[in-house]
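You will see two complexes here that share chain A, one where it goes with chain B and one where it goes with chain C.
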Partner chain A sequence: MIKIILDCYGGDHCPEACVDGAIEALAAIPDLYLILSGDETDLRKQLEGKQYDAARLEILHAPQVIGCDERPTDVIRMKRDSSMIKAIRLLRDDDSVAAMVSTGSSGALVAAALTRIGRLPGVIRPAFCPILPTINGGLVSVCDSGANLECTPEHLRQFAIMASLYMENVYGVQKPRVALLNVGKEAEKGDEMRQTAYKLLSETAELNFVGNMESRDLLSGNYDVVVCDGFAGNVLLKATEGTAMELLIKLKKDIYSSWVYKLGAAIMAKMFKAEKDFFNYQNYGGSVLLGTSKVVIKGHGSSRKEAVVKCLEQAWRIQSSELNAKTEAVICKYEHYEL
Partner chain B sequence: MIKIILDCYGGDHCPEACVDGAIEALAAIPDLYLILSGDETDLRKQLEGKQYDAARLEILHAPQVIGCDERPTDVIRMKRDSSMIKAIRLLRDDDSVAAMVSTGSSGALVAAALTRIGRLPGVIRPAFCPILPTINGGLVSVCDSGANLECTPEHLRQFAIMASLYMENVYGVQKPRVALLNVGKEAEKGDEMRQTAYKLLSETAELNFVGNMESRDLLSGNYDVVVCDGFAGNVLLKATEGTAMELLIKLKKDIYSSWVYKLGAAIMAKMFKAEKDFFNYQNYGGSVLLGTSKVVIKGHGSSRKEAVVKCLEQAWRIQSSELNAKTEAVICKYEHYEL
Partner chain C sequence: MFEEVKKILAKQLRRDPESITLESDIKKDLGADSLDILQLLMRVEDDYGIVIPDQALAGFKTVGDVVAFLDNLKK
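== the complex of A and B ==
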């Protein structure tokens, strides 16, 4: 049985999306055991009349909720009874609980995970690693996408190692192609940090480093792992996601401007729906925080039921793959490089 | 008469795109005078049999060409007879020449402009400022997009001032809304540099600072100027451009997968063509290097004739608007903040 704790508050569609997602995940995964964190009365009401295996679901009563604009450091100190902080504490204290999923505040989650859960031995900085679909049907991961705004070359090397092992063990990608996000493809491009990182990545035997990548090529399918500082990664991820959504909105608006286009679009309705689903990153799970000693996944704040199911499946797969033990074994080899 | 020098070599479609673009721009702008820089024999051959006002066109013989992967510092020292370096020297030495356009290597152009042309008084770092279309039919500029990979808050404030004046004087945007690229909207988001920049931008009376912007909102139409360090700006720009192109390529591929979709697309052919043109950033001119003492514009390396015309028109408009004098007047007010 794999025990996962789900923070049911903090996201836009909470707690409905989380409760319904939990029920669906329980039905899909026979050895999944879920703990729902949040206000017990409210959660019991949400569960009322619904079909699920009650022997594999329990509730952790946590009456407080964390808002998106609260300062992470305040939250940890002041909101000890919140669904997120109580979940984190249980994850720390109960050896039988393997993982946690939350759609709440990223900042609070990172701060709480770092101070309460801690890092894998050898890991300098845990990092967010979301997954995106590529144009040829594959997947690409971006690490870090926002947990560490300022990074050293050694941080980036660790991100590369952790994300490579993640892609290999959880998504079955053989010898993941690792690229460094940069302003040009040539080896000498970028600032000093990037140039040193390029050298360090090239020298790391465990990695299949293929060189620099420009942000325009993220979805090309030529890369499996892209490493960068959290600021650039955040810009990359949101620009990619945002542009795809804006373009689809523009297409829709333009289609509605003419009855001829509306006719054309009616014929193509199924395709447009598929494009929208393709570029909806919720369909690919959440951002795992790589490098913490237990599995922590941040789901999109706007996650609906389907996205919550994806996050729970993802947490289950990561735990089943024994990713953390494998990561620890490789990271420790390079620990002497720590800066 | 406004005299502009056009570097006719270095881009992917050179010299044809430049020569044809020059001829079209001369026809469109009566008070434009062009100097084409490049191999004279080759350029004469390109011009042969074509209709243009020979009294407003001359050639600056420069037999060498700069490759895209040459090191900028080597180029300045070693390729003194190249079309780019000779053009830069003429721009520096001849008071009657107002501006320069090049589709060659960005790195070489920045290095040559900084060392040969110099900065406007008070400007710490000239910065690239490309323009993108927004979803509601407006424009948004990104400054810096790659000339300065590492920046201080004061650099960002100057980028904001220069880009605001550019949008106002060249594109007629009243009180341009300036945003700081960041990982979240709240004032306290980002690293120390971003937090200090936020404060500095808020305090600058000349600016209409509207707060932080996340990269996903670049095309929303809610901003006129986005300021950022050149690394993040480069990631933002190329991710936005790249995603739009990848999505359109995917749409095309999916359309060709079914005859029904092909039928739908045939009805919508005009619309799809318009979308492609809309997201083709060549249609909006080049990146002006704001803050140099004479106007320098970098056209896209893949510029075709139409894009070259846009760059020449843009250079002409910037010079006509007396942007540099206006920028100097404002920048000098804040010079005492220089770090």
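== the complex of A and C ==
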């Protein structure tokens, strides 16, 4: 049985999306055990009249909620009875709990995970690693996408190792192609940090490093892992999401501007639906925090039931793949390397 | 208090508890970094329901410093 704790508050559609997602995940995964963190009375009300295996679900009472506008460094110490902090503490203190999923504040989750869960031995800085679809039907991960705004080349090498093992062990990608996000493809491109990182990545035997990449090639299908500092990664991710979203909105607006276009769109409805699904983040799970001693997944703040299910499946798959033990074994080889 | 701090540090840093003394330098001898120290203090805050002032965090060099600070808080 794999035990996962789900923070049911803090996201836009909480707690409904979390409770419904939890019920669906329990039905889909027979060896999943869930702990719902949040206000017990409210959660019991949400569960009323719904069919689920009560023997595999329990509630951790946590009456406070952390808002997205609250300062992470304050709330992780002041809101100890919040659904997020109580969940993190249980994850830390109970060896039988393997993972945590939250759709709440990213900043608070990172701060709470780093200061309470801790890191795998040898890991300098854990990093966020979301997954995106590529145009050839594959997946690409971006590491780091926002946990560390300033990084060293050694940080980037660790991100590359962790994300590469993640893609291989959880998504079955053989010899993941690792690229360094830069302003050009040539080896000498970028600032000193990126030039040094390029050299370091090239020298790392465990990596299938294929060189620099430009942001426009993110979804090309030519890469499996994109390594970058958290600042660049966050900008890359949001620019990509925003472009895809605006493109769909523009397309819809144009279609409605003419009956001929509408007719054409009706004929192509199936294709449009597939494109919409392709860009829908709800279908790709959450952003895993790689390098923490236990699995922590941040779901999108706007996650609905389907996205919560994906996040829970993702946590279950990561735990089943024993990713942390494998990561620790490789990272420790480079533990004392300093530039 | 020393025994409790020692137990937390040993588990967190995967060290033999016997190798941790009051004189141990948290960074130099035990190999901890600033995040490890924050993690230790957060655990102490959770266990004792206290909030350690930010300005005190920078003053912890040895295990003895942490123990002395916590002993003072308990008084």
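The working rule: the second predicted complex is superposed on the first by the 337 of 339 C-alpha atoms of A that agree within 3 Å, B and C clash if a C-alpha of one lies under 4 Å from a C-alpha of the other, contacts with A are read in each partner's own complex, and residues count from 1 in each chain.
Note that a residue touches a chain if its C-beta (ideal position, glycine included) is under 8 Å from a C-beta of that chain, and two chains touch if they have at least 3 such contacts.
Nothing here was measured: the structure is a model prediction, and the numbers come from that model.
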Chain B versus chain C as contact partner of A:G118, first or second or both or neither: second
Which superposed partner A:A27 touches (first chain B, second chain C, both, neither): neither
Chain B versus chain C, judged by how many residues of chain A each one touches: B
Contacts of A:L218 with chain B and chain C, given as first, second, both or neither: first
Which superposed partner A:C332 touches (first chain B, second chain C, both, neither): neither
Chain B versus chain C as contact partner of A:G190, first or second or both or neither: first
Touched partner set for A:E275, first chain B, second chain C, both or neither: first
Chain B versus chain C as contact partner of A:M245, first or second or both or neither: first
Contacts of A:D69 with chain B and chain C, given as first, second, both or neither: first
On chain A, the residue positions that both chain B and chain C contact, one per complex: none
Footprint of chain C on chain A - complex, ascending: 76-78, 80, 89, 92, 114-116, 118-119, 121, 124
List of chain B residues in touch with chain A within their complex: 69, 71, 135, 146, 149-150, 181, 183, 186, 188, 190-191, 194, 214-220, 228, 230-232, 234-251, 254-255, 258, 260-261, 263-268, 271, 274-275, 278-279
Residues of chain C defined as touching chain A within the complex: 12, 14, 33, 35-36, 38-39, 42-43, 45-46, 49, 51
